[in-house]
Each structure stands twice: as C-alpha cells, then as structure tokens.
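Both of the next two complexes hold chain A, though its partner changes from chain B to chain C.
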Partner chain A sequence: MLSVKGLRAKVGEKEILKGLDLEIGRGEIHAIMGPNGSGKSTLAHVLSGRDGYTVTAGSVTFDGQDLLALAPEERAHLGLFLAFQYPVELPGVNNTYFLKAALNAIRAARGQPELDAVAFMRLMKERLKVLHLDDSLLKRPVNFGFSGGEKKRNEIFQMAMLEPKLAILDETDSGLDIDALRIVADGVNALRNPERSVILVTHYQRLLDYIQPDYVHVLARGQIIRSGGKSLALELEEKGYGWLGIEEAA
Partner chain B sequence: MTVSSAVEAIVTSEYEHGFVTEIASDTLPPGLDEGVVRAISARKGEPEFMLDYRLRAFRHWQTMTAPRWAQVHYPPIDFQAISYFSAPKSKDGPKSLDEIDPALLETYTKLGIPIEEQMALSGIAVDAVFDSVSVATTFRTQLAAAGVIFCAISEAVHDHPDLIKQYLGSVVPHTDNFYAALNAAVFSDGTFVYVPKGVRCPMELSTYFRINARNTGQFERTLIIAEAGSYVSYLEGCTAPMRDENQLHAAVVELIAMDDAEIKYSTVQNWYPGDAKGRGGIYNFVTKRGDCRGARSKISWTQVETGSAITWKYPSCLLRGDDSVGEFYSVAVTKGRQQADTGTKMIHLGRNTSSTIVSKGIAAGEGEQTYRGLVRIATKAAGARNHTQCDSLLIGARCAAHTVPYIEVKNPTAQTEHEATTSKISDDQLFYCRSRGLTAEDAVSMIVNGFCKEVFKQLPMEFAVEAQKLLSISLEGAVG
Partner chain C sequence: MSAVSGFEQWLAPAEAAASGLQWLATRRGEARARVQGQGVPGTKQEAWRYTSLTRLLEQGFSAVAESVPLQPEAIEHLLIPGLEAWRVVLVNGRFAPELSALAGLPAGVRIGSLAEILRTDPDAVKDRLNTIAGPDQPLFSALNTAGLDDGLVVLMDAGTALARPVELIHLSVGSETPRVAQPRHLVVLAAGTQAHLIERYVTLTYALYCTNSVLEVTLGAGAVLEHQRIQLESPDAFHLAALYVRLGAASRYRCTNIAVGASWARTDLTVRFSGEHAACDLQGLYLVGERQLLDVHLDVDHCVPRCVSREYFKGILYGKGRAVFDGCVHVARDAQQTDAAMTNRNLILCEGAEVDTKPQLEIEADDVKCSHGTTVGQLDPEQLFYLRSRGIGAALARRMLCLGFAGEILDALTPEALRMQVTQEVGRRLEQAT
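Up next, the complex of A and B:
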C-alpha cells in the first residue's frame, strides 16, 4: 500500500534522506529503529507533507497515488495518520471539537455523511474505553498543558477515532510510563486489522514486546541499511548500532 | 502551506457585502456650514430645541481641530468634501414593511437580515438604518405593550421630546471631542430605546446600519435609557458597500443605567475594510459611553470588530453608582492594511465598583492594532476593582500589535490587575491540524475562534454564531 523508492530529501541545504526504499503491505506492522538524528522523523514528516522539506529524488505511492503531489490534509483524507513525536498544543481549541471537525472533514472528503453529535459521542466513548483515557482531557484544549504521556495517549486516541489505513507512530512510546505503554500498545493492537498498516518508529525493543512487528528496519545515514524480522530488534538491543558499522549517534 | 502563505490568501479574500443598492436618494451636496445644519434639521422637521442643540454643537466644532493622537495613519480628512445627509427618496416614513422600497428590502436580505422572517420567527426586533434614515422598525407593537420605546431617534425627537431633552448629550456632551461635536451637529438618525422601571425587555433589540450612498458620512446617534431595575440587550451590526474613496462613520452612542438596571450592548462591525492596497474603506471613529448612574447598575460592551479601514473607538463606562459594574469584551481583527486603535475606559467613581476588560486582538497581513485602555480609580472609589486581560494573536510576520494600558489609582483600597499575552499561529500548529484532515483555512479559523471564545460567550446565542461565521469569512481564502 505504501511504496517508497529512492527517496532523497533536504532540509535547507542539508540532505537528510539519501535514497530510502521502503515497501509496506496492507495490514503489516513495520518497526523503524535507528540512531538519533538519522532521519526517522524527517521520513515521517515528508510522508505526511510537512513544509520545509525538499524532495530531490525518488517517489512515494500510497494506494497507487502519488503521495508527494498531495496536500497534508489530502493525505489524511486518503487515510494517512502521523502520531507526532512532539504533539502540538492548540490553546483555546477544544479537544472534542477538534476531533469532531477532523473526523467530519475526512468523512466529507470521502463522500460520507457527517457524524452528528450523538453518533460522535458514542464512538468517542467506545474508543476512550480502549485507551483508558480520562475523559476530562477531552474537555480541555488540544494538548494544552497535557503531560508528556497524556499528549502521546491523546495522539493514539486521535488515531483510534480517525481510523487511518496507515499510521505512523513517531516515538509514541518515549515518555510513557510502563502502564501507559501497555495501554497504548493494547490500543494499537485493538486497532490492528488486515486493512490497517502501522509504522512504529521507536528506540526501544520493549515496545515490540507488546506490539509484534512483521518487519524491523534500521534507518541510518538517511537510508534503510538493514531489514529483518523481530529478531533484528533483539539483536540491536544486545549489540547496539555499532555492530552494523555505524556510530550510536549520528 | 505556511502561515505566511495562508495569510497571503486571507488578505486577498473578498469582502462579501460590497454590493451597491441602486435607489434614488435625496442627498445634500458636499460641504458643511450652518446652512447645512439647518437644512438637516429642516428635512427632519425638527422642533426648535433640536436645531438649537445642533447649532451649539456646530459652533463649538468650528473651534476644534481633528485629533491625531491615535496610533493610526491616514491623510487629513476634508470635512467639506463630505455630504452630511442622504436618504432614500420617499414621501413620508414607512408605516409598514409593504411600503418599503423592495430594493431596500432586498439589500437587507443580501445582508442576511431577515426582516420579514424575524417578524414571524425569531423574536428579534430590528431597526434598520439605511444611510441616514431609519427605514423599518419591527416589533414596535409588542414592545410597546411592555412599555418599551424602540424607535428611530428622529421619531423620538418628535414623540418623546422630554426624554430627548433630558438625556441627549448627557453622557457624551457635544464638547467631549471633535467627532462627538460633529455628530451632535449633523447626526441624521439612529436608534432610541427607553426601558421603563422594572421592565425586562421581552426581546433582543437590534439595529443594522448600512452605508450605501457615495461620499456620505454616516453620523448616527444612539441613546438607550434603562430605568431602575430594568434590563435590555441591544445589538448593532454594520456593513457597507465597496467604494474606492474612504467614508467617514462618526457615531455617538450613549447608555444610561439607573439603580439595578442592566444594559448589554453588543456590536458586530463589518464595515468595508478597503482593498488589499489600502484603498477605500470606512473610517470608523466612534464615541461610545455608558453611564452607570444608579447603584448596582451594570453596563457591558461586547464588540466584534472585523471591518473598517480604520477603527478608532473606546466604548467606556462611567461607574458612578456604588457597586456598579462595567464590562468590556472585545475582538478586533485587522488584516490587509486595516488599522485599529481601540480599547476602553473604566472610570471608577462610586464605592465598590468593579470592572472587567477582556480584549482579544488579531492581526494578520499588514494589519496594525493598538489596545489602549484607561482604568481610573477616583479618590472616593473605595474598594474598586478592575481586572484586565489583553491578548494579541499575530498571524504572519508583517502585522503588529501594541498594548497601551493607562492605570490611575487615587484610592489605596482599590485593586487592579493587568495581564497581557502575545501569541502567534505557528507553522507547527497549522501542519498539525492539516495532518488531521483539516484545511489550513479551517485550522486558522478554529484557532482564532478558540482565541476569541471568552468574548463570543458574551454575545447573544444567535449572534455568537454569526460572529464566528463572520470571523471565518473575514479570514477566508487561507488555502492557496
């Protein structure tokens, strides 16, 4: 469903992605690991259409469409979702209102009818339960004054509500306590289905104990330098990145 | 899309109400002298006392010079180039909606003011002012049953001369400032409201003003009197067609609240702001003042100012009665080349008086705005309290917001608090919203509406919705 071929991208004059290839099939879970600064978030941002990156070569297709030609919201309408490494605060914008507007914007773009307030609340209650999220967070402005862990859980809650086809989770596990980690993982697992693919960007093998990936990739120096199964993550945990011939930190 | 490109689109978005109504009108030639003042008074068939009042004001005005202290920039106004009276041509004032020129009614329909519908459905009384004459006043009968007088001020001059003599100019005297003097000399129409003792006005009152004729100034005059223990909520909405020239709007609004009375005054101002290059648009120079004359009286000003080339106004409260309360809630938007210097004055004279100021300024494009506020606590105002919250939201890098608070405290038991913040809509926020499926336009309007929530809460329900829409429209076109 997602096919990245020879992707090169720059921030300003600095090339970060240097010919990256990645194939993700329907229903698959891929973990991407790699040293700090290797370009994991950059990849996530380029895929979701953030400004400030110049793609100089390569292609990205999503469900057969040229993803790079689309605006960020159009990518969301197609079913792409990014859980941010650093979720953004929107002071004054009510969390529930925001989610409802987002969900209905996506539905409208797909030619589906708007969810009314009642149907929306029902859906929200149901998804809240899965994530054991305190519903007081929903009455507050989006991410505003949320703790680090609350922000991450809110991202996963949004994902649960928007039901994407491909979710990119950028270090959602960082900053979560042990219980929260399990809850988030349960949430992701609950949403797992043959139609939904996930990219997990993480530094820790621990997350992969809860969410079993189909593939593990190592991103370093702007390329996928190694791909394998679950065992690759265990190997990395044991040996570090040095074993692959790269420094711990780029 | 970055914030700056979103702003580019915002700035170029079009003014929705810019149509001109083709209608025969009776307009005085440009220029101002005593003869013009007399002509206006004669056209309205005014009694002697009104003419005298106008002439006193005019003579005083001649001794004054136009003030320049506001943080706004515009070429000097040629007061002799303006026409001071314009009225749609008709024999007498209309008696019912059927007698009103259909072209006029259509204008209101385009503006989204459902006069007829409102009569049937919504329970909002509308007094519509077209250029200088009040053309339609609905719901008069129902209001009259409650003892509420709601009519054009030109009618009140005839029908309620004692009230006019007693109250007109009692809050904003013609000597108050240059534009107040000018208004007193040449005001052509406006609204009069009188709520008797103990009466809770049974409906929201509302006036829509519209400037149609070319080169005319609009000088309306509003006077609202709430007797002891009464309550009234009043809303004015304003639009004007697109013209290349600037048009002057210099209104005076006076509110008087007696013991335990409450007046809520809400404004949704969407005068034509001029084009992206700063050509045309309304100069909105207005004096609005409320007098909390009675003990425990309360006056709240709520304003949503999205239009006008230049807005220069400070709706104020004179807190004279003990325990009286003044409130000012404001949203001001400046985009393109718009300028605004607005705020309030809270003058605490009575004991235990309290005031609240919440000002939300939004600047986009090359918009420039200043919040200017005065909180004065007089020697006798023991126990007076003020809380001021003053927030600015900047969209893009070429706009500016300034805050100029003046605080004068002469009584040691008084408490004043002032909080101010400045924030920006960041590229990160825009991208975050878009990655969730919202357009940049939706994102900007959502963040802006969130920023203004505290003020919108103060508006009557149906107008809060309207104000939100207006804000979205005025920041429309964010997707490029």
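Up next, the complex of A and C:
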C-alpha cells in the first residue's frame, strides 16, 4: 500500500534522506529503528506532507496515488496518520471540537455523511475506554498542559477515532510509563486488521514485545541499511548499531 | 473657517431637544462651547496619532432625528435565544418602548430611557449625568454631551438586586442622508448592588451611519458590574464609544469589549479608582479586516492605593485591516500596592494588515506590582500542520486557530447563547480572512 523508492529529501541545504526504499504491504506492521538524527522523523514528516522539506529525488505512492503531490489534509483523507514524536499544543482549540472537525473532514472527503453529535459521542466514549483516558481531557484544549504521557496517549486516541489505513507512530513509546506503554500497545493492537498497516518508529525493543512487528528496518544516514524480522530488533538491543558499520549517535 | 468645520451638523439637535431644565441646558451649552473651542484633532495630537479623522469628516454625517417605527418581529432575529433580560432598545439612538421589555422592575431599580427620565424625574439623574465624564471632555464626548437627550439609564438603589441581565440593543437603520446617533448612557450602582449589562450595537441592513456613544458608570462601595459590549455595526458604519467608569471602594468591574463591525471604530475606555480595594478587569477582542480601522484607547487611573487592574486585549488582523492599541495605566504617588498588568496580543493573518500597539505604564508610587507586555505574531505553522495532518483543510485550520486565540476573550461572554452567537459571528467574519 505504501511504496517509497529512492527518496531523497533536504532541509535547507542539508540532505537528510539519501535514497530511501521502503515497501509496506496491507495489514503489515513495520518497525523502524535507528540512531538519533538518522532521519526517522524526517521520513515521517515527508510522508505526511509537512512544509520545510524539499524532495529532490524518488517517489512515494500510497494506494497507487502519488503521495508527494498531495496536501497534508488530502493525505489524511486517503487514510494516512502520523502520531507525532512531539505532539503540538493547540491552546484554545477544544479537543472534542478538534476531533469532530477532523473526523467529519475525513468523512466528507470520502463522501460519507457527517456523524451526528450522539453517534460521535458514543464513538468517542468507546475509544476512550480502550485507551484508559480520562474524559476530562476531551474538554481541554488539544494537548495544552497535557503531561508527556497524556500527549502520547491522546495521539493514539486520535488514531483510534480516525481509523487510518496507515499509521506512523513516531516514538510514541518514548516517555510512557510501563502501564501506559501497555495501554498504547493495546490501543494499536485493537486497531489491527488485515486492511490496516502501521509503521512503528522506536528506539526500544520493549514496544515490540507488545506489538509484534512483521518487519524491522534500520534507518541510518538517511537510508534503510538493513531489514529483517523481529529478531533483528533483539540483535540491535544486544549489540547496538556498531556492528552494522555505523556509530551510535553521541 | 470654523475650527469645527464638519461637526456643526452633529450639534444641531441641542435646541430641538430643549427640556426646560436649566442645569441640563448649562451642561449642553458648556459642551457646545468646548466643541467650538477646540479644533478637529489632527494626527499630531497624541490621542489621534495613528487615526485620521478625514474619512469620518468626509461622510458629512448630521444629527437629524427621525423616528423609525419598527414592529417587534423586525428585531426578533437579533435577539439572543433564551435570554430573559430587562431590555432597552434604541433605534438610531432613540428609545423604542414597543421593542423594549421593562415590565415588572423591582422597587428601587430604574431601567429605561434617558429622555423619559429627563421628562418625568430629572432629579434622579441630575447629580450623575455628565459628572463622571467631567468637564474636560475630548471632542466626541463633548459633541455627545452638547446634544445629549436619549440613551439607557440604569439606577440601582442600595439593597436592590437584579435577577436578570440588563440588555441594551442599539439598533441602527440606514437613512437617505447619512446620520449620526449620539446615545448617552448612565449606569449608577449604589453600594453593594450587582448587575450584568450587555450592550449590543447592531444594524438591520448594510448602511452608512455613525454612532457616537458615551457611557458613564459609577459603582458604589462593594458594587459589582459585569459589562459586555458587543460592537457588530454595519461594515460601512463609523463607531465611536467613550466609556467613563468610576469605581468605589471594593467594587468590581469587568468589561468585555468585542469589536467586530464598522469600517472605522474608536473606543476610549477611561477608568478611575476612587476607593481602595477595588478591581477592574478590562478585556477585549478586535477583529479588523479589509477596509477596517479600529482604535482602542485605555486610560486607567490608579489614584488611590490597593486596587487591582487587568487590561487584556487581543486582536486579529487581516486584509488591509489596521488597528491601534494605546493603553495607559497611571499609578499616582499615593497609590501604593497597586497591582496592574496590561497585555496586548495581536495575530496578523496577512501581510497587508497592520497594528500599532503602545502599552504604557506611568508609575509615581514605589511599592507597586505593574507589568505590561505586547505581542504581534502570525499563525504557528506547526499548529497548522498538526491540524491539517488530521484531515482538516487549511482554511478551516486557520480559522480554528484564530478562534482558539479569540476564545480566551469570547469565553467570558455569558449567557452561553450570547457567547455562541458572537463566536459564530467572529467565525463567519474569519471565513473572509482565511
């Protein structure tokens, strides 16, 4: 469903992605690991259409469409979702209102009718329960004053509400306590189905105990330098990145 | 050439409204002399530095009084759903009893038309009218005083209470010759009383007209006034508002000022503390777009010790909109332990828009806590991207962020139906901006 070929991208004059290839099939879970600064978040941002990156070569297709030609919202309409490494605070924008606007924008783009208030509330309550989130968070501005862990869980909550076809989770496990990690993993697993794919960007093998990946990739120096199964993550955990011929970031 | 060339027409109805009250004639006459004694302020004058009067003068407004009979159905759509209020409706500055709702006021409370009270019981307002605004009125207040005849009056005796808000609807209806309405409002709350005043300036149709309003407020010891002023004039209109507020000991005054309409608008808010331990909270939101100019002046005078004031104004500018924020907090030598904080935040949505912001503190006392801050910024691209990554289109995303910015002020509006109505109107205007 996602096909990245020879992707090169720059920030300003600095090239960060240097010919990256990645194929994600329907229903698959891929973990991407790699040293700090290797370009993992950059890849996530380029895929979701954030400003400030220049793609100089390569292609990205998503369900057969040229993803790079689309605006960020159009990518979301197609079913792409990014759980941010650093979720953005939106003071004054109510969480419920925000989610409703997002869900209805996606539905409208797909030619589906808007959810009415009752149906929306029901869906929200149901998804909140899965993530053990307090519904007081819904009355607050998006991420504003949320703790680090609450922000991460709110990302997964949004994912659960928007039901994307491809979710990119950029270090969603960082900063979560052990219970929260399990809750987030449960949230992701609850969403698993043969139609839905996930990219997990993580530094820790522990997350992969909870969410079993089909593939593990190592991203370093702007390229995927190694791919394998779950055992690759265990190997990285044990040996670090040195044995792959790259230094770990300081 | 007369120094007030252009404004004679604003003075016209003074004689027409002859009341037979000597004291009133004297006050009007003094104001008239004041108008004639001062020239049209130019941009060299500090208070008008950023705002030229040329455009206002060019319109040739005149103060022709004409009654516009309206059926209650005509204003139904302007009412706030579910709001039960003591309502005074002015049409083009004149009391419209058939549109107002004043039956069954509690004893000791007067709410009604200034013209009517001047006719029936002038002594009730004699000691208050024009005394808060004082003798040194600037041009537009003096113009209002010179022709002073109608407006809202709220008088609450000690020991009285109001179960509902007081709502003033100032409705403007266009006419063939562009006219100026100069309503004059007076609110006097005796010691210990509480009230909620909602002032709304609205129009039935797009029209060219001018409103030059003056409001005088006196709060007795411990009195509390929640005041909301919503300016939704026609996009072509000119709007001038002068508010003079005198705060007694331990009184509380909160003013939420929403300015959305008019092509040219000027607000002067003058607050003076006259007793200790009083607090005032002045906040506002202005939305200024294509062809709009808006000028807010605050003048807060801490002349006694131990009072608290907050001044917090936010603005959203777009198109070729232009705004001025000029706030001054003065702390007199004796006003020790004053606590004052003034903030002005602006969001500029496009390059052509502009704001001049000038918060100032003048502090003569040495034991005070005072601060001021100002920001002028744009929408945050990170926030925009976050919203868009969730499927929300760019225009709506911008609007959501603007409403989020404005919400901090809009959330103060009560009842909820008013907050929603004003928020929707702000959202509607932002559709043109984003």
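In this text, the second predicted complex is superposed on the first by the 249 of 250 C-alpha atoms of A that agree within 3 Å, B and C clash if a C-alpha of one lies under 4 Å from a C-alpha of the other, contacts with A are read in each partner's own complex, and residues count from 1 in each chain.
Just so it is clear, a residue touches a chain if its C-beta (ideal position, glycine included) is under 8 Å from a C-beta of that chain, and two chains touch if they have at least 3 such contacts.
Bear in mind that the values here come from a model prediction, so they are computed numbers and not experimental data.
Colleague: Can A:Ser38 be said to touch chain B (first), chain C (second), both, or neither?
Modeller: neither
Colleague: Which of the two partners, first being chain B and second being chain C, lies in contact with A:Ile106: first, second, both, or neither?
Modeller: both
Colleague: Once the shared chain is lined up, is A:Ala71 touching chain B (first), chain C (second), both, or neither of them?
Modeller: A:Ala71 sits against chain B and chain C alike.
Colleague: Give one of first, second, both or neither to describe whether A:Gly49 is in contact with chain B, with chain C, with both, or with none.
Modeller: Both partners, chain B and chain C.
Colleague: Please identify the positions on chain A that touch both chain B and chain C, taking each partner from its own complex.
Modeller: Correct list for chain A: 48-51, 71-73, 75-77, 81-82, 84, 87-93, 97-98, 101-103, 105-106, 109, 141, 158, 162.
Colleague: Quick check on the complex: what are the chain A residues that touch chain C?
Modeller: Touching chain C: residues 48-51, 71-73, 75-77, 81-82, 84, 87-93, 97-98, 101-103, 105-106, 109, 141, 158, 162 of chain A.
Colleague: Sort out for me which residues of chain A touch chain B in the complex.
Modeller: 48-52, 71-73, 75-77, 81-82, 84, 87-94, 97-98, 101-103, 105-106, 109, 141, 158, 162
Colleague: Could you pull out which chain C residues touch chain A in their complex?
Modeller: Within the complex, chain C contacts chain A at residues 381-383, 385-394, 396-397, 400-401, 403-408.
Colleague: Okay, in this complex, where on chain B does chain A touch?
Modeller: 1-2, 423, 426-429, 431-440, 442, 446-447, 449-451, 453
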